[in-house]
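Chains here go by letter, A, B, C and D, matching the order in which they are written, and residues are numbered from 1 within each.
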Amino acid sequence: MIIVMETGATPKQVNDVVSRIKTLGLDAHLSEGEERTIVGVVGAPIPPTLDDEFESHGGVQQVVRITKKYKLTGWDFHPQKTVIRVRDVEIGGDEVTVIAGPCSVESEDQTVSTARAVKAAGATILRGGAHKPRTSPYEFRGLGRRGLEILATAREETGMPIITEVMTPADIDQVGQFTDIFQIGARNAQNYLLLEEVGKAGKPVMIKRGLSMMIEEWLLAAEYVMAQGNPDVILCERGVRTFEPLTRNTLDVSAVPVVRGMSHLPIFVDPSHAAGKRALVGSLALAGVAAGADGLMIEVHPNPDQALSDGAQSLTFDQFAELTPRIAAVAGAVGRSLCATGSLLGV
Amino acid sequence: MIIVMETGATPKQVNDVVSRIKTLGLDAHLSEGEERTIVGVVGAPIPPTLDDEFESHGGVQQVVRITKKYKLTGWDFHPQKTVIRVRDVEIGGDEVTVIAGPCSVESEDQTVSTARAVKAAGATILRGGAHKPRTSPYEFRGLGRRGLEILATAREETGMPIITEVMTPADIDQVGQFTDIFQIGARNAQNYLLLEEVGKAGKPVMIKRGLSMMIEEWLLAAEYVMAQGNPDVILCERGVRTFEPLTRNTLDVSAVPVVRGMSHLPIFVDPSHAAGKRALVGSLALAGVAAGADGLMIEVHPNPDQALSDGAQSLTFDQFAELTPRIAAVAGAVGRSLCATGSLLGV
Amino acid sequence: MIIVMETGATPKQVNDVVSRIKTLGLDAHLSEGEERTIVGVVGAPIPPTLDDEFESHGGVQQVVRITKKYKLTGWDFHPQKTVIRVRDVEIGGDEVTVIAGPCSVESEDQTVSTARAVKAAGATILRGGAHKPRTSPYEFRGLGRRGLEILATAREETGMPIITEVMTPADIDQVGQFTDIFQIGARNAQNYLLLEEVGKAGKPVMIKRGLSMMIEEWLLAAEYVMAQGNPDVILCERGVRTFEPLTRNTLDVSAVPVVRGMSHLPIFVDPSHAAGKRALVGSLALAGVAAGADGLMIEVHPNPDQALSDGAQSLTFDQFAELTPRIAAVAGAVGRSLCATGSLLGV
Amino acid sequence: MIIVMETGATPKQVNDVVSRIKTLGLDAHLSEGEERTIVGVVGAPIPPTLDDEFESHGGVQQVVRITKKYKLTGWDFHPQKTVIRVRDVEIGGDEVTVIAGPCSVESEDQTVSTARAVKAAGATILRGGAHKPRTSPYEFRGLGRRGLEILATAREETGMPIITEVMTPADIDQVGQFTDIFQIGARNAQNYLLLEEVGKAGKPVMIKRGLSMMIEEWLLAAEYVMAQGNPDVILCERGVRTFEPLTRNTLDVSAVPVVRGMSHLPIFVDPSHAAGKRALVGSLALAGVAAGADGLMIEVHPNPDQALSDGAQSLTFDQFAELTPRIAAVAGAVGRSLCATGSLLGV
């Protein structure tokens, strides 16, 4: 940490800063220039709130934290890219993974038929919501346990691993009995107790980016999970909130290379929630893969016009089947391939 | 709900829309103009996702929802302003209520001395965090139950009711044994299961606005609590996230009159979290009261430079004592008074 | 336009609305439901501010404008995609066009060498700033006329058409003597008099998106140019301003398919200004092409570390030469090709 | 400037940074710690783009600029608050100044009657648009020279100085013949050539904050004017663009104390453009004054429902007359008074 004193800081103010540093068992290194004094803080650990504290100290102009707040999620202590294996599917490796399925699990027929369709088109993981967060208390909130059972049936029928959202610590056990991957939704991305509890559950966790979450905060959310000893975290960009009304959210595609530069964790893109409109999903999916995403999460429904949630952004089976070869082509263009079980390539 | 068809919509597309409306047990009213057809949906209840569904229908240009999504929080079914009584303190009445106290409860001495100081200066409710949400897992997270006990002691010593945050459903019982008002933090403002559970706990609930929460979503969060039969909800604006780096958040002071126009619930302003810097807290507090806020929530600490959290934005005792008469003056200027127990006015 | 009256609107309030509509020479169509009255406005032209006016009328709940504010830029009156020919280069056709060059023209040597390098690597249009908008009055503002002469020399040497920014109406003549395409910068995207004047200058115009410009406003900026009889407008997404500090701006890649759905105009992506950091430029360029952009605008400099502006986001010659084959590959994957003069393909 | 090298930076990378600093005629001061090296740049002037340059240098982790980019607008070189005298009105002194008038000058009758009404209610400066920036080319754009003449007539009739917008350098002479204060609109706040030209015109200039302008950029816009030798600049906060749809813009009331802390220039608040809705204007005006604004700019129209622009946010004469005593009361509560010519106080 570097503390830049104001031009007019008094010797007493500088001394107060130095004393406070020493109180904490750290050392201070002074660099006295003609115009101002700069104090370097030497030693560790530096309390996480020390920059806040010094910023309001008398005579201090600016405080610069040099060390990163995140540790386990960064490259410094984990120089290999994280590759997660879920049943037969590898996430974060050379291949691009496509997760697809309905927003909500509505019935066994709807879910199993979607699973079959998306698998045939090249998806390798099935998504589906059993516990649904809804902005209004009067909307459909998912089938709960029955939804989880249906997802398990779809897994049996197709062999696809499943991912589903968990919304509260009390549901972790129940959801964990069924799911292969826990999903933390955007609105819970800074629900720290949920992150810690799910970190203890022994299964991979996907963390959607919060609607106005800075990327560093997102890595710190992942840090909450990893600090419980769970190394298998996936990040999923799903659009942030901006002033533009023509899309439900604004897909921050830059998050893909930015996260790659900061972290070894796999980074996915969810074009469906970002767009909020079916017609945009394909373009955003391709953009995500071109930017280097390790995977996509796409909503597909047998009859989107009658979906109980998010129908406007769900693709039909045909639309999804038309999209996956284009995803494969773009993946190929950036030196990757589509993770597929064979059916896509006609094997 | 009004469905505006595109200029070139085919009769079949119009019929499909009408059929779908009738399937739902609703009625359709057609208005066929020279350029386009407009379909009115008559009847109730209209499924909450129907606008989404129709927006992606063939031939539809635009869908306009006329009825509001929130009910219990709006003026339509509750034409009187909500006034909440917590022990001797009235919230949402003619007086402006000041809640003050430390960000985190750190010790009995720190908390009790703060309680005495803020009471003497005009605050009537004590705040203090026992369970703290922190961006990083490596920061101080509060004293937990011990913190709650300390708050209770401070209440005994001063007679001030207390408010403290609850972060997860499992903590509601414990926190409820001590607190007078539950606080839901900004990061949990769309943690719907927490909102529902706290709605059942039989005590007033303050909901901080989420960092990028639209005001309508905030009212729907309040709706989650009220739908459990709990009428005592307080809203608290504490700044939203924007591009401006010189403040921690951007205080949306317009939220005060906007909420007032939409809802009967008391609306507070938290200048401390909005500003993030002590030097701005006073101005934002006065702005909030001038805009019509029913109350303020201000962080005060005996020694802010050594606070375990949010020191940079906490006022000293002296700064707070210097601020409250100015708050009282502005309250007077807008036809209200500062809710005070006497000491302020020298009675 | 549809005017939704409040549930409790009085007959007088409805009549006032109807009278006002008739005063304007328009007709009103009433639809009186059980709960509320809805007024349709029939006829044209509807004054552009009428929705604002009615929104503050007594008894009005909501006003819905049905007709689009933009005309010339939309598909309705121009069902073919706009293709612009600048010397030998086609913009908006099947091929993806790459514009490249330095942020600022600094010297003949710097500009000509960059032109040769980017042409060899596959770019077909040269960019370079002679008049530079700078946040601070103390920064380098371009060589002015001398810069334009240098660009013209580079065009002679390489045959590449050139694009350069014009910042004020008084400079249009001078800039127009040299440039093939006028560029309107992001900070001038709502400088309406500049847009109109440049619309009269008889050359294609590229409009960068403003930092917080809604897409509809951007189309209206293009409308200002087109209303002068100039059909050759190119839109260029270059990132919008959000809360995320790790990128200079947030590239709104969704703007590509959204603009495509609304307008026949070519849409480009500028990954350099969006990212602000060299390491991100490649990924964003590929994302833009995958999303369907008609072209890219990329900053390249012989020695970025010593550039007089925007060095941090400029690619070296080698980095650009390494990137263009990847752009060509992604273009191929989405059914397009890189617009090239031969050198790239070894012809 | 401080350059923090990465932990793994090589001696060559450190040397390259030092060499580059020396090439610029500056000096480098090395502080080699156990973990990393920190390079201080000593001397002046530091090129404004040097931080960008070093941020992309090999081995550099972070660059910290210590000196501020703005000079003339800051307190360092101008420790007294700027007070501007326009005819009989003092701006930036102890009194709060209210500017009021119609959005657009529509007719002599409309403007003169408004001037009389707002003067009677306590305003001391008249606003009115003769050249109007409009999002769409098809909207009313003001009466131009005729509008300026009408404003001058209103000044003669009432004695109030006038403020009106200038949109392009070519209009400065014409507008300057009439106006007392030039207004630069939000969309032109980074139109640097306009700022420079208006800076030469020898009259006070009010700069509205751009829709997504950081406060530091705003001060730099003022710096453009002041660098021409014009010390009389007024800043006016009018709302920034956020995700919240219920207000036209989000009034950043914090800008008032933040600007006060950074600059000696007067800071105003425009509640009308921020709110976009008449019903909110009063609350925001009071909030601005409570936060410490030196003045307000409020739209008033004899018949807002039929205004040619911004009718929805304009107050009627009665509404304005009802508001000014409340403004005076809040001004009094924060130790100021309403700048009034006597009529308000019945003198």
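The rule is short, and it goes like this: a residue touches a chain if its C-beta (ideal position, glycine included) is under 8 Å from a C-beta of that chain, and two chains touch if they have at least 3 such contacts.
Everything quoted here is computed from the prediction, not taken from an experiment.
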item	value
B-C compared against B-D, more contacting pairs	B-D
Farthest chain relative to chain D (centres taken as mean CA coordinates)	A
Gap in Å, rounded to a whole number, between the CA centres of chain B and chain A	27
Intercentroid distance (Cα basis), chain D paired with chain B, Å	31
Where chain B and chain C are represented by their mean Cα positions, the distance between them in whole Å	39
Shared-contact residues (touching 2 or more other chains) in chain C	212, 240-243, 245
Chain A to chain B touching residues, read off their complex	20, 48-49, 52-53, 55-57, 69-70, 133-140, 167-170, 187-188, 190-194, 196, 211-212, 217, 220, 223-224, 227, 240-241, 277-278, 304-313
Chain D residues touching chain B - in the complex, by the definition given at the top	212, 214-216, 240, 242-247, 250-254, 256-258, 261, 274-275, 279-280, 283-284, 286-292, 326, 329-330, 332-334
Chain C contact footprint on chain B (complex, rising order)	2, 4, 7, 29, 31, 33-34, 36, 38, 40, 42, 61-62, 64, 66, 76, 241-243, 245
